[in-house]
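Input: structures, listed below.
Two complexes, one shared chain (chain A), two partners (chain B, chain C).
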Partner chain A sequence: MNLAALLAELTPVHGVRGALIVSREDGLVVADALMEDVDGKAVAALTASLADRMAGVTRALGQPEPVVWQLEGSEGVLLAAPVAAGLLVVAVASPEVNVGELRLRVLRAAERAA
Partner chain B sequence: MSVDDIQALTAQLARDPSSLVFLPLAEALRRRGQLEAALTVAQSGATRYPEMAGAYDLLARIRSDRGEGDLAFDAWTTVLRLDPDHIGAHKGLAFLSFRAQDHLRSLRYLRRALELSPQDAALRATLRRVEQAANARPVPGFATPGADPLRALEAEPGFALLVDRQGRLLAGSLTDGQGKAASEAIGAVLGGISREAERTARLLHLGAWRRLSLEGGPAHFELRTPTIDSVLLVTRPREVPAGRLGLLADRAATAARRWLEELR
Partner chain C sequence: MRSLEPWVEAPLSAFLTESGARITLLMTGSGQVVAQHGFTRSLDVMSAAALGAGIMAATGELARVMTTAPFDSVTHQGKALSLYLAGFETPRGRWVGLVVYGGETSLGLVQLFFGRLVEDLGRAAPAELPARQVLAEDFEEQLNSSLRSLFGR
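What follows is the complex of A and B.
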């Protein structure tokens, strides 16, 4: 599996500021393609932590883990999809991004990474 | 304020983004009708000074001028959380309530405003007018829509839950896949999620977090923060389109915000 090629599927989307593969267990960057102003280590650590919380919601309802989740702020969007083997595919984007397109690409990348 | 003054304030803010000059600058832009620019300046200021009631009051007035009643309502509610005696917020909420035909709520805000500023003749006159409107005989056959925001949350029990930031239940209920009550367990998780989302959004420069969407297996979920100290979870089976679920969650968040404000 070529992780750089996976991330290259995400970064051409207009508005995407960075894409990463993150290790869930320790919140570290496995691979990334980021704009200069994006702090990959912070993205990895925070996303891994938030992913655990998300899993907690569905677990409490006796349901499987989310296949993709999205945090939307006034100035940007964070999308993440869990992958088998304890990884996350993550994208950080500005508010003007086409979330529908990015969501599909993140899901596709997660499937290929599995 | 002249264009030169505005340019000077803009330059000052550019030199020192932490300056409080954003307040007069955004107000001047608002008065000139440059609402988009005013909003940008005020939002940035409110983000930088999240405990400053005046920043949210300014934000609320700009939102109101833009016709964004719900967002103005939210901002003025935040003002009252920070400063319960803020007369501008009471007046603003009275105006929004009146505009929404909620005369009784408008009266409540106006009376509180008058308690805070008993010498305000204009305010007293406004109160009289709203009292007259509230007492006006309704047109036969006309029924005011029931103001029961909680109904929006509980119309379909088991699909929405509202908790405070400590995860304590406020309204609604959720059941797990076997139909067993899961509200307490979910409430405990939601309090933590809100804090985590807020921290993530702040540190990654995503601005104030507005929504969290989860696509699960058999169900999808939407999270909102109706107020700065509450979290709302709305869920529906995956057959309900994600966009529609988002709208349902927005509507429930608005209802919850009003309901919480009413409780306080």
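What follows is the complex of A and C.
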């Protein structure tokens, strides 16, 4: 699995400010392609924590784990998809991003990384 | 949480809340305890401080042998509990933080909020106080006073 190639599929999308592969258990950056002002360590730690908690919610509801998490705020969008081997594919984007396209690419990257 | 320096309490409290750490010990580079959370016995905290400072000294020496800059942090990953040990500069000199955390948090979160703790401590530190001379006849009283502050006894 070429992680740099996976990330290179996400970063050309207009509005994407960075993409990461994150170790889900540790919340550490495994690979990244980020703009300078994006704090990759913070994104990795907080996204892994969020994914862990959200997975706990769906488990409690008796549902399978989601295939993608999508957070939209006034200043940006975050998408994360779980991958086998305890990794997450994460994309950070500004609000003007085409969320549909980015979502597809994140899901495709997660499938390829599996 | 117990602290010998009142200005350490707010940053440390924020760190404990945000990181989910179970035990945290802040000490000087020589192993003198500044603040602690999670320990219940003075013997444990003194041992942990001495061992933590020893590990930092050993890794510093290892870096010297490898002709590289000193390591910023050391992590011991365990099945149930893990340990994060990091040295950092403060206006009061070099300190060491020892953090024990479980599966309810992650190394990434501990690292992230430890970095913020270091920044907060830098901002919260009061202007340098004149160094007090520790006299031999005061030593026992000062040691007991420190232990009372750290354990509330």
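Criterion: the second predicted complex is superposed on the first by the 114 of 114 C-alpha atoms of A that agree within 3 Å, B and C clash if a C-alpha of one lies under 4 Å from a C-alpha of the other, contacts with A are read in each partner's own complex, and residues count from 1 in each chain.
As a convention for this text, a residue touches a chain if its C-beta (ideal position, glycine included) is under 8 Å from a C-beta of that chain, and two chains touch if they have at least 3 such contacts.
If you're wondering where the values come from, they're calculated on a predicted model, not measured in any experiment.
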item	value
First (chain B), second (chain C), both or neither touched by A:Leu78	first
First (chain B), second (chain C), both or neither touched by A:Trp69	first
If touched residues of chain A are counted for chain B and for chain C, the larger one	B
Chain B versus chain C as contact partner of A:Leu46, first or second or both or neither	both
First, second, both or neither for A:Asp26, with chain B first and chain C second	second
Which superposed partner A:Met54 touches (first chain B, second chain C, both, neither)	first
Where chain A meets both chain C and chain B, residue numbers	42, 46, 49
Touch list for chain A against partner chain C, complex	22-23, 25-28, 41-42, 44-46, 48-49, 52
In the complex, chain A residues that touch chain B	39, 42-43, 46-47, 49-50, 53-54, 56-58, 60-78, 92
Complex interface listing, chain B residues touching chain A	43, 174, 176-178, 182, 185-186, 188-190, 192-193, 196-197, 199-201, 203-219, 221, 233, 235
Chain C residues touching chain A - in the complex, by the definition given at the top	105-109, 111-112, 115
